[in-house]
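Scrolling down, you'll hit the structures one after another.
After this come two complexes, each holding chain A, first together with chain B and then together with chain C.
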Partner chain A sequence: MTDITSTLFSMSNGRAADISGLNRMDMPRFQETVINGIGCGLRLAAMFAHETDAGALRLWAILARDSQSELLPLYTDCTGESYPSLTPQCPQAHWFEREIFEQWGLRPMGHPWLKPIRFQSPYRKHAAAAPTTPIGVTDFFQVSGEEVHEVAVGPVHAGIIEPGHFRFQCHGETVLHLEISLGYQHRGVERRLMNGPDSRSIHYMETLAGDTTVGHAVSYCQIMEALSETRAPQRALAVRGIGLELERIANHIGDLGALSGDVGFLPTMSYCGRIRGDALNITALLCGNRFGRGLVCPGGAGFDLDSARQAELLRRLDALESDAASAVNLLWKTSSVMARFEGTGPLTPQVCNEIGLVGFAARACGVRRDIRQDFPSGIYEYARIPISTQDSGDVLARAYVRWLEIQRAIAFIREQTAKLPDGPVREPLGGLAANRLAVSLTEGWRGEICHVAITDDQGRFRHYKICDPSFHNWFGLALALREQQISDFPLCNKSFNLSYCGHDL
Partner chain B sequence: MTDLSVLLGPISALVLAPLIPGIINRTKAVVAGRTGQSLLQLYADLLRLFRKGAVYSRTTSWVFKAGPVAGLSCMAVSLAMLPLGGVPGAMAFTGDLIVMVYLMGLSRFFTAAAAMDTGSAFEGMGASREVQFSVLAEPALLVGLAAVALAAGPAGLFDAGPVVNGFRSLSEIYHQLTLSVWANDGAILLLAAAALFIVALTENCRIPVDDPNTHLELTMIHEVMVLDHSGPDFGMILYAAALKLWFFLALLSGLLIPVRSENLWINGISTIIGIFFLAVGVGLVESVMARLRLLRIPQLLAGALSLSALALVLVLWG
Partner chain C sequence: MLDILLTRIQQKHRTISYPKGPAPELPDRFAGAPVFDPGPCAEDCGRCADVCPTRAICRAPELRVDLGRCIFCRKCEAACLENRIRFGPDYRMSVRKREHLWADGRPLQLAKSLDAAGKRLFGRSLKLRQVSAGGCNACEADVNVLGTVGWDLGRFGIQFVASPRHADGLLITGPVTANMKEALLKTYAATPAPKLVIAVGACAISGGIYSGHEQVNDGAVDILPVDLLIPGCPPHPLTILDGLLRLLGRIEKLSQNPI
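Entry: the complex of A and B
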């Protein structure tokens, strides 16, 4: 296939581009470009629509060429209430098209499974928007036949987790199909950001997904810095990197503990629960908040890392490393645990690429996809972190990639703390440029966090699109469960540990 | 056999059974480096539950309410027949072993029926799993005890003869399990004990078969069947579960501890101490291994059945 996207305008991660410099495509050309690009190995990092001044709907697609660190923004204006769907040729667009349909009433013709994803009220009141129903009330894919039964789980779960509805079609204990219905956590963050930013915006970012506070805050700050042409100081970039990696350590450790809890293996579960707390407390050492709120702010970092705290951080990190090693290595040495992890919920690299999986879930399938390597920004431009991959794509691979990432994150933090650049940690932020498009990708602990901002004539957000890694990966979880035992669902689910509120926004 | 010691078995079971989950949990906590809950936690839980009211779903019928009552009564009657090591059961009679196993079956039937009565998909799945695994656990138990009976002495299970009350009952079999039987047929008894231990873990929904602490309704076996019960009903279920655990551990302890002195009190108390040690053993098993994949559980139970069968073969042709 000849790559027709190679001549298109491209931009780097964390930069802004003047929208007037971009060429508007017509719909067939837009379609052809996206499908051709995806066919040539590009990824759909984001797809969204917004209303132009003239009242028409502008459809955007941000393609990511991992191999060249290039981001390709494409747009087209829709004239009618519908357009030919991309999903049949490009499954990555599946949820994006459903989202756009729900928000704007723009119907993708030929979409194989068009239904609401968040049950949110449409953005356009006057349009023939998708009808809103109570959350979770919708058609589900059904299987019929002898001994086939349906199991509905949630939105209220037995554990203390977020709400989501899971509909299993089972044959005995075997899952034939799983459909995931979310939207219970929808708060309307993107809509609230329109005409922003304001003083609340950073706090929305920090609570988009509670466990990815630093990740989303870094993405947002990169957008703000790109739009205002501010350069965050080197020291701040290092502090952000430390914050991001601490967040990764805390979540990975917590999940490894939860995975062993799900298979009833108590020693690792108990210790990891405590060690996760240690990692969160190191974050609290940096900024006074265990989840890193306030650590990252537009223009730099909210807190400096003085030498006393550097020493304390390194001391605690040493303790964490040895504790984590003894707790986690027990997992790989216990055959009854390995028997549960191996071969459970496998995904192939083909499926991974087709649906555009991101983060450690993709790396566990042997796909070398990591924003820190593919689209380095901030501290990762200067300090590379080795990419951890496994190739079996099962629960074991996802667990083991997490363990590798914990170790590499610890080494990275040590290195960055030792050679922390001098200087201030914060630059004053200028005003935002008008009529710009800014794209920011960050490798959060779960995977690629994509923020896209489009500013209007006054430099306010005309549209702000947030794409949490969970948005890409929920469908991966559904596919991983096919032909698996329904009793392995909690284990599989925990191995992905996707965010409900990060998806629902 | 009119000694007051016959009451030791039922009374100790009714009073001490809720201590066993406490011992298991404490063992697990210590191994995992936690402080853990109180040893008497289950007593407090039972007290709390019995003081609460129950909530019933509109879709349930009398079957749902009968489940916990039937479960607890079946366990109480079984305990009346159970020998505590060398101390005969209060209600021992010929063939009581079979009755006990069927009482377990009856209790399971009512629990499963109550679970199905709610119409919940989870509880249906749990009932299906419970019944499936018990099909394999029951023969392992019966064959194992048959091997023990034959090893114990000439008046075995299959010996026809004049029926005397308390004779050729489980109590009689256990009474004959002296140190000399262990000296002669130790291997057979060990095989049967291993099979019995696996059955005990299965029947009491312990790791590696089931996880009594899990909150994940899709993976549960026994726990999921009782999700809809509340208040005193749930209290009865928890109490019956503790009694069942006591029942199986007493069976094992009586087999493993061959104290058959003249003094029945010594016999009984040594068996009770054995039960406590076995509870620690269950806690250790739960601390060092993960749950099996659900598909693998029938293989484990088939393993238990083959151990029992091997014991029986050895005793018949040994």
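Entry: the complex of A and C
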């Protein structure tokens, strides 16, 4: 296939572009470009719609060319209330098209499974808008036949976790299909960001997914800095990187413990639960809050890492490293654990690419996809971190990639702390430029976090799109469950550990 | 097997001695209950209230902070030219009534224990069903951490259970989204009486930064009878533990003065 996208305008991560300089495409050209691009190996990082001043719907797609660190923004103005769905030729678009339909009533004709993803009220009152139904009231994919049965779980689950609904179609113990129905956590964040930013905006970012406070805050701050042409000081970039990697360590180690608990191996579960707390406490050493609230702010970092703090951080990191190593390495030596991890919930690289999986879940399928390498921004432009991959795509691969990432994150934090650049950690933020598009990608601990902002002629957010890695990956979990034992669901689920509120916004 | 035993030795005994021993040390940058320097404020100032993202500050007749709304972001602390508000190290902030969450410089009316009948029922065994209703997973995480070996909530007889039918009460996080309200009410109904309701975090108490959104219900306080309110965004695990133990009458005797 000849790549027709190679001549198109592209931008780099964390930059803004003047929208008047972009070419508007007509719908057929837009479609052809997206399908061609995806066919040539690009990824759909985001797709969304917003209303123009004239009241028309403008449809955007942000394509990511990982190999060249290029982001391609495309847009078209819709004339009617529908357009031909991209999904049949480009499965990566399926969730985005459902989202756009739910929000704006723009109907993708020919979409194979068009139904709400959040059960939210539409952004505009419109005849074509999808009717708002009470949450969970919808058709579920059903399998019929002898001995086929259905299992419904949630929204309230057994543990201390967020709500969501899972519908399993089973034959005996074997799962034929899992459908995941979310929206219970919908708090209306994107809606409230329109016409922003305001004093709440940064706090929305910090609580989009509470376990990814630093990740989303960094993405947002890169947007703000791109729109205001502010350069966060080098020292702040290093502090942000340290915060991001601490977040990765805390979540990965906690999940390794939980995975261990799910297969009934209590030693590693107990140790990792505590070690996760140690990682959170290192973040609290930096900013007073275990989740990194206030650590990152537009223009830089909210707190400096003074030399006494650096020494304490390094001391605690050493202790964490040896505790984690002894706790986690037990997993690989315990045959009862390995027997449950190996071969469970596998995904192939083909499926991974087709549905646009991101983060460690993609790397566990052998796909070298990592924003820190493909679209480095902030400190990652100056300091590279080795990419961790595994090939088997199963629970074991996802667990092992996380363990590799913990070790590399520890080494990275050490290195950054040792050579922390001098200078301030915060630069005052200028005003936001009008009529701009800004795109910001960050490798959060789950994977690619994508934020896109479009400003109006006052420099306010006309639209702010947030794409948590969970948005791409929930469908991956559903596919990983096929032909698996239903009793392995908790294990598979934990191996991804996706965010409900990050998805529901 | 030998590896498992060796690792056990290496990982040591890590459960905190609190409440018998001292509370674990909090980071120096921790933002606990606010402390006020005596005023007066310039009448036309109001910088603190202007920057507050949750409108938690009331300036008249005296400077007060609603800990039920406050997310402890310290924007007001940074904005004040006279250093009138500081966020101190005191982690103890749990109360029994919504109106007790107004901090004005006087000691907070920390949670009183259940009455004798309540203590007899729940004092030595309290099984809770956690419901996240729009929580961002930070409150959930710091509730969860109490179950780890470091905190070992089980030694107080407090446990989280899988079914509301087995529970003595609910522990609610999140602003109670419109999409979770029905599930929350059903879970409450499924819990046998007598039952307790505990609201953890600014979202569950007031909606937090999501207050006023049409997609949420501004917390659980107006929906269910709440017996214990634990403020914070998210509250530190120590704040949560302190609240639970006060409710069960296990640390009443300890000093009520700020640390």
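Methods note: the second predicted complex is superposed on the first by the 504 of 505 C-alpha atoms of A that agree within 3 Å, B and C clash if a C-alpha of one lies under 4 Å from a C-alpha of the other, contacts with A are read in each partner's own complex, and residues count from 1 in each chain.
As a working rule, a residue touches a chain if its C-beta (ideal position, glycine included) is under 8 Å from a C-beta of that chain, and two chains touch if they have at least 3 such contacts.
Everything numeric in this text was worked out from a predicted model, so none of it was measured.
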Which superposed partner A:159 touches (first chain B, second chain C, both, neither): both
Which of chain B and chain C A:271 touches, first, second, both or neither: both
Touching partner for A:184 - first (chain B), second (chain C), both, neither: second
Partner chain(s) touched by A:219 [first = chain B, second = chain C, both, neither]: neither
First (chain B), second (chain C), both or neither touched by A:285: second
Chain B versus chain C as contact partner of A:33, first or second or both or neither: neither
Chain C versus chain B, contacts on chain A by residue: C
Contacts of A:293 with chain B and chain C, given as first, second, both or neither: second
On chain A, the residue positions that both chain B and chain C contact, one per complex: 158-159, 267, 270-271, 334
Residues of chain C that touch chain A when the two form their complex: 3-4, 7-8, 10-11, 14, 27-31, 51-54, 71-75, 130-145, 147-150, 160, 162-164, 174-175, 177-180, 182-183, 187, 208-210, 213-216, 233-234, 236-237
Contacting residues of chain A [partner chain C, same complex]: 118-121, 134-135, 155-156, 158-163, 183-188, 191-192, 199-200, 203-204, 207-211, 213, 254, 267, 270-271, 273-274, 276-277, 280-281, 284-291, 293-294, 303, 322-323, 326-327, 330, 333-334, 499-501, 504
Sites on chain B touched by chain A in the complex: 28, 31-34, 121-122, 124-125, 207-208, 211, 213-219, 286-296
Contact set on chain A toward chain B in their complex: 149-153, 158-159, 173, 260, 262-267, 269-271, 334, 336-337, 339-340, 344, 485-491
